[in-house]
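Each of the next two complexes has chain A plus one other chain: chain B in the first, chain C in the second.
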Partner chain A sequence: MSTEELLALIRTGIADVTGRPAPALDIDTGIEALGLDSLQTLELVSWAEERLAIRVPDEELATVRSIGDLTGALSARLPGEPR
Partner chain B sequence: MSDKAEVAVSYDVDNEFFRLWLDRRMNYTCAVFDDTDDLDAAQVAKLDVLYRYGHVRPDSRVLDIGCGWGANLEYLAVDRGVREAHGITLSEAQHAEIVRRNLPGVTASCVDYRDYVPPVRFDTIMSICMIEHVCTPQQARAGEAVARYRDYFRRAWEWSRPGAHFALQCILRNRAPRLAADIREIGWVTYQIFPGGITPRMEDIVQAVNPYWEIVEVRTRREDYRRTCEHWRSRLRGHADEIRRRWGDHLLADYDRYLTACIRAFEMHYQSLAQWSLRRIDEI
Partner chain C sequence: MTSRALREAFHREYLTFFERAERTRRWNVFTDVDWDQLAGHQPDPRLTLCAETFCGVEMYLPDYLRAHLELMRGDYGRAWFAANWGYEEAKHSLVLREYLRRSGARGDDELHDYTEAVLARTWQAPYDDGRRMTIYGALQEMTTFVIYRKQRGWAGQLGDPVLPEIYRLIGRDEMAHSRFYLKMIELHLAEDRDGTLADLAFVLRTFRMPAEDLLPDYDSRIEVMRAAGVDRGVFLAEVVLPLLKELGLTRHDLPRVPAEAVTEIPGPPGLLTQAGAKR
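Showing the complex of A and B:
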């Protein structure tokens, strides 16, 4: 899965979690700048994990601050992807 | 950190409300059910553990940071004959209750721990489920948790004498919930019942005690906290009529919801509890 595809998936997830259309984003976008609090971030990660059938370790979740952190944490767990 | 107004949301509801469903001395933290199923006895057992972890002796000077309604201060003064015990709380209602108890050798201040200036250096520091108020969810998210906790441990170090011990108890944020309903309930408790606070992760504490305190013993008690919350909830429900009459349906419903969320959180490993015996590192 390319970074672009992951970003598109995350945008869908943000819209799902917040109930608002997601703004444009790239890997440098801060999670907080998107108006997500820590619980919504957790909901977003769980949402993405479910779609991708993967699980990010909890201690890594605690340090997710940007969209890039999130795509990094997710893609590192996708099978057959270079890290 | 929770400010004074946020602390008031958590603890200034009404002392008579909390008195109805906490144990006799009003411990508002996890009890220890090793040898009993009685809440009063289990709260004493908890304080026994922390007394041992803090290496307290009758002639010790003890500081209790975040002392609640004074359960531990009363235990120290009455059950253990400790000479001097001082408590600090940020809640006016709790402070008034401690003054009302008029315990021998016990003093208390209503002050933010960051503004506290100790008159003496203490032999033992105790702090039972107060560190949950030291870092906000926003600060944790910004990666500032360890620095916040380290500042708290540094102060405790400065307020204590060489050779001192620190008996610490805290809730732990453990596994992250993945179920949307659970995330929502935990969020509701975090923001509505304990605004301004978040439970620490164990690895944050392990990092933050350095370079001030050596971890000598740690014991987790996830199931004890589930049982404590079950006791609280059944006592709350046992007084449902009176609570409705005196404080309204809303308060009863909120506290039932909150305790139910906590029971689930301990069951599901979202939260755990740790008791720590720390020894002061004198040469830093």
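Showing the complex of A and C:
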């Protein structure tokens, strides 16, 4: 899965979790700048995990500050993906 | 309303909490801070602005106490906890106020003006339910602990002679309060797991620090606190995830909060979230 595909998936997830259309984003976008609450961030990760059939440990989420951190945490768990 | 079994369990936990507090955690505003060290010291204005801010947040104690006592009136363990908690919290604004005064950062008149401005406004409890307020308490105390720990480190780096010890003392109280509330949540989970999980998700989703929007010059205070390293990422990493872990839960245990239960709070964004509980 390419970074672009992951970003598109995350945008869909943001819209689903917040009930609002997702803004444009790239890997440098900060989670906080997106206006996501702490729980919405957790919901977003859970939502993406379900779509991708993977699990990211809670400890790793502690370091997620940007969309790039998030795509990194997700893609590291996708089978056959370069880290 | 809680069950009798739950109230009995609360009381037992309160006894444990109180015994430990009496034996190991009592401290004295006048003798446990080495105030003499302030002689000739020029306090850093960033630190004093933060100290004044936290002093103000702690000053809504009458409102916090009233809310707790009203909700917990018929619950012996919880009501006695609130009374003891109020005593411990009373020292927090007092010791910070003494710091501002004894360091020369603020004069007596300024402190009186500030106190009057703070107390002229009223804090309203964000939830009218005991279990939600308990969860709120656990989060709020833990967040306050994290904030004070960061302030303690920062004050140390900037060479303040007494603030690190002040923040250590009050941060230790906050951690003890948070642990007590966590025990209460565990008991709630054991009695009604699904209902408690729903409340936990709801409070996490709508949590705001108390009184953050009531203080005078709120915006500049938030700026300084962010600079001191408190933001939503820190809240997630150092409060929410550890709290879930402590309760033996993960985020997968939390149900989705229905969008219609939550509302956007107008005004400046909170330190941690924009959302609030619909009233």
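Keep this in mind: the second predicted complex is superposed on the first by the 83 of 83 C-alpha atoms of A that agree within 3 Å, B and C clash if a C-alpha of one lies under 4 Å from a C-alpha of the other, contacts with A are read in each partner's own complex, and residues count from 1 in each chain.
Heads up, the rule we're going with is that a contact is a pair of C-beta atoms (placed from the backbone, for glycine too) under 8 Å apart; a residue touches a chain by one contact, two chains touch by 3 or more.
Note that the structure is a prediction, hence the values are computed from the model and not measured.
Novice: For A:E43, decide between first (touching chain B), second (touching chain C), both and neither.
Specialist: both
Novice: Identify the partner contact of A:R65: answer first if only chain B is touched, second if only chain C is, both if each is, neither if none is.
Specialist: Both partners.
Novice: Based on the superposed arrangement, let me know which partner A:G19 touches: chain B (first), chain C (second), both, or neither?
Specialist: Only chain C is touched by A:G19; chain B is not.
Novice: In the superposed arrangement, which partner chain does A:T3 touch: chain B (first), chain C (second), both, or neither?
Specialist: Neither partner.
Novice: So in the superposed three-chain picture, is A:E32 touching just chain B, just chain C, both, or none of them (first/second/both/neither)?
Specialist: both
Novice: Intersection of chain A residues contacting chain B with those contacting chain C?
Specialist: The answer is residues 31-32, 37-39, 41-43, 45-46, 58-59, 61-63, 65 of chain A.
Novice: Can you list the chain A residues touching chain B in their complex?
Specialist: 31-32, 37-39, 41-43, 45-46, 49-50, 58-59, 61-63, 65
Novice: If you look only at chain B, which of its residues touch chain A in the complex?
Specialist: Those residues of chain B that touch chain A are 137-138, 140-143, 174-180, 183-184, 186-187, 190, 198, 201, 203.
Novice: Can you list the chain C residues touching chain A in their complex?
Specialist: Residues 201, 204-205, 207, 231-233, 235-238, 240-241, 244-245, 250-252, 254, 256-257, 259, 269, 272-275 of chain C touch chain A in their complex.
Novice: What residues of chain A sit close enough to touch chain C in their complex?
Specialist: 19, 31-32, 35-43, 45-46, 58-59, 61-65
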